[in-house]
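The first chain written gets the first letter, and so on, giving A, B and C; residue counts start at 1 in each chain.
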Amino acid sequence: MVDHRFFVKPEPLSINDILSSVQGLSLAKGDDSIKIHDVAPLHEADDTQVSFFDNKKYLDAYKASNAGAIIVSQAYVDTAPEGAVILVSASPYADYARVAQMFYPEPSWNRSYIAENAYIHKSAKIGAQCIIDHNVYVGKNVEIGDGTWIKPNTVIGPGVQIGQKTIIGSNNTLTHCIIGDGVRTLPGVKIGQDGFGFAMDPSGFETVPQLGRVLVGNGVHIGANTTIDRGAGPDTVIGDGCRIDNLVQIGHNVKLGRYCVLVAQCGVSGSTELDDFVVLAGQSGVAGHLKIGKGVRVAAQSGLMRDVEPGEEIMGSPAKPIKQHLREIATLTKLTAQRQKNK
Amino acid sequence: MVDHRFFVKPEPLSINDILSSVQGLSLAKGDDSIKIHDVAPLHEADDTQVSFFDNKKYLDAYKASNAGAIIVSQAYVDTAPEGAVILVSASPYADYARVAQMFYPEPSWNRSYIAENAYIHKSAKIGAQCIIDHNVYVGKNVEIGDGTWIKPNTVIGPGVQIGQKTIIGSNNTLTHCIIGDGVRTLPGVKIGQDGFGFAMDPSGFETVPQLGRVLVGNGVHIGANTTIDRGAGPDTVIGDGCRIDNLVQIGHNVKLGRYCVLVAQCGVSGSTELDDFVVLAGQSGVAGHLKIGKGVRVAAQSGLMRDVEPGEEIMGSPAKPIKQHLREIATLTKLTAQRQKNK
Amino acid sequence: MVDHRFFVKPEPLSINDILSSVQGLSLAKGDDSIKIHDVAPLHEADDTQVSFFDNKKYLDAYKASNAGAIIVSQAYVDTAPEGAVILVSASPYADYARVAQMFYPEPSWNRSYIAENAYIHKSAKIGAQCIIDHNVYVGKNVEIGDGTWIKPNTVIGPGVQIGQKTIIGSNNTLTHCIIGDGVRTLPGVKIGQDGFGFAMDPSGFETVPQLGRVLVGNGVHIGANTTIDRGAGPDTVIGDGCRIDNLVQIGHNVKLGRYCVLVAQCGVSGSTELDDFVVLAGQSGVAGHLKIGKGVRVAAQSGLMRDVEPGEEIMGSPAKPIKQHLREIATLTKLTAQRQKNK
């Protein structure tokens, strides 16, 4: 059950309200006038709540569910539990997400607040209906679009541009970057600091000035304590719609295409380019100066040291096609067992 | 030698004072009225200092030590250096820790201070003898227990509850969470931000509202820049007494039992449950939706992709029972050497 | 092209100005009175810009470059593009870095600014020409050297000493440490918090007071959200000139020699000592209580579990000499292929 200390208690919605808002849903069974009060998992939901079923593993829970309404694919309409309103969808989980957003919408974009202890340089341009929260620092020539919220104790360095309806989390530092619309950064994100660039010669290390920026596209989400360095000369680019988890490292000059997914603690080294829809699982790493094709999927903890063609699935360190990697692991297990037997 | 710019110079204590406070110690040799002024390692300690011996590797240092008092197990009383007071313990290192805490106690819980530039929402309830430090943000309906200290530049989001005698480090952001008594968070910890939850469908990614919380038990320690996401619906739970190191990632819905140890840079993926006393070594990772039994130990950099029975020791990526993993490594080394010889 | 919202447009310099400042350069071709306005990559530079050529991969770009001046090694003077001023160097990239620094110098050390909402304890000593930025906290008995800049929302704990011309990034927390001259920390760095030290006994975990410090040498650079714990008794030491990337973990009592390079997301466990010029690649890890010789190079994602002699190159988890590791990988691939063929 949702704790209403943290989440505003939602307004009830009729099935009809839901059907009007979420285009992908249609009514397969039940009464579209009944009121739904909240969302809940299949096994917890009562007859005032809406749930979804999208994973055969939970078929028993589906059949036994007391939910008031359930979002399912067409194939499961016939096995629906008695009494539930059944809403059919081609993407039950995504449509459930849309319904849950109706009950728990993002904060209104219609408020406006500048904390009195925020520092805002007089040259900065703050859009309409922004929130600039407590202890925020906004540097010279910063531009912040309408409806954007900068959470407490965050630093926005000189010249940074932030789009509309973006939420920048607390304890962030953003410098040398241009941030799109509808972006979300969680707490502790650091964007635009110097890339790791230096030359070695006999006298030691010589810092190479990092003269690029970070460009973050629209709708990008960036996880807690993730770091994205600015380019050395070219820019570091995060394509529209990318989802980046916590504690991820993105080096200078990296380019991510659209809708890439970078799971927690993975890292991308300098100057590597990922095409659209690439997935890097947790703790994986990609070496520098590589090109990773569209839709490539890299398994957890893998280490990628070569270019990869579109659509490949990759595993291991150094990473190989997943089937080959699994075959090699199996070979070693079998050879080890043979040696044991022959002892 | 301890630098007294950073640590308050301790008051001297007699052996008798120490014996009265630390129940596990008993006097095996020497005079219990002598005064001890500080703690120090075996090879550095002088006759005013107390040390401990718990690792055979340092037997020579023990025999040659000039320490005024040494904490050892019964087996080493006879080989003690001449002149030292010998204190016997069944757990010499733990009892040394208790003695060191006597010389270097935590800050007094009897002071009370609200920095004038802290922001505290008028609805927040702050206990007795709390410190709310500079540039701290305390949101609506927050409740903070007696004796708790919130260090500078930290953000406590709306509705958060924090127990008694807890110390929240600087540059933390805590939202959507309930924190126990006697908790310690180091600088940069982020707790309660959105889990990494979204649905994919042909139109892109749809964010799934994250409607759970983080529950942190009593006596938990959390390392610098570690991130703990709130649950998607169920809560993320950190059991009493867990010790979590720096830069650790804990995904949404994860449950840690009591007294788990998570070493630096390890990660636990969403919805995985660890029973009590599980140890994850540095840079290890655990995949999502797994159950890890009581007392399981996972070696450094291992990648766990299946459920594990209580007490197992696990190594490799993908992780296997440690003996099997080491045998496989040895097999590969031997087969490689054979191929070299046959060339 | 450099975005002058973020970087001050440089003043033009003559080739002569450059030759006077960068000792390693000499004029091989062209007119030393021409003016250079900026730096740029070979393929983008126009005749008012200086570039460098240091990697045969870009030989075609070099021959076709329109740059006004190019820094190269002696061997490439003859193949220089027509019309460019050619500057010869034994270290073209390092000398390019020095030239780029002339166009994009660090901020002037001649300004002085204390933000009115910074908190500075009355006992703290702030040098001449320092900047103490917005929402900074400076504790009791802190000493900050001349020309040092503390960026916004950073916390400097009691007793900390910071040298001259050091720049401490925003959202840092520095406690129990002594920081050298010319140090750079990027945003989110945490230095001096408690090491991960506790004793286990049947009653649970007993915290061992961490009584050491962190000593950071001159010219050290530390990346965003990196964490360095203070010593348990001995100090944690970072030698002069080390370059540490983002999200790196350094445990208590670790000693780094001079000019070590620690790439993003690597970790060094407690009490390990690295000699000078050691390189740890990304996501590598070093176990505790080891000694790593001068100039050792550890490959990405490797896990080091033993002492290493000077100059070794190491790879794998557990790590081995790189040649052996690669041979073992190749063996497994070949044995797997043979088994496939024999099926």
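Following the convention adopted for this analysis, a contact is a pair of C-beta atoms (placed from the backbone, for glycine too) under 8 Å apart; a residue touches a chain by one contact, two chains touch by 3 or more.
Predicted model only: the values in this text are computed from it and were never measured.
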Would you kindly give the rotation angle relating chain A to chain B, two copies of one sequence, based on a CA superposition and rounded to a multiple of 5 degrees? 120
For the homomeric pair chain B and chain C, should the interface be classed as same or different, according to whether the shared residue numbers exceed half of all numbers used? different
Interchain centroid distance [CA atoms averaged], chain B/chain C, Å: 29
Scan chain B for residues touching two or more other chains and write them down. 117, 135, 153, 171, 188, 225, 247, 265, 283, 301, 317, 332, 335
Of all residues in chain B, which touch chain C in the complex? 2-3, 5-7, 24, 39-41, 90-91, 93-94, 96-98, 100-101, 103-104, 115, 117, 133-135, 151-153, 169-171, 184, 186-188, 219, 221, 223-225, 241, 243, 245-247, 259, 263-265, 282-283, 300-301, 317, 329, 332-333, 335-336, 339-340
Give every residue of chain B touching chain A within the complex, in rising order. 117, 119, 135, 137, 141, 153-155, 158-159, 171-173, 175-176, 188, 190, 193-194, 196, 198-209, 211, 213, 225, 227, 229, 233-234, 247, 249, 251, 265, 267, 269, 283, 285, 287, 301, 303, 305, 317-318, 324, 327-328, 331-332, 334-335
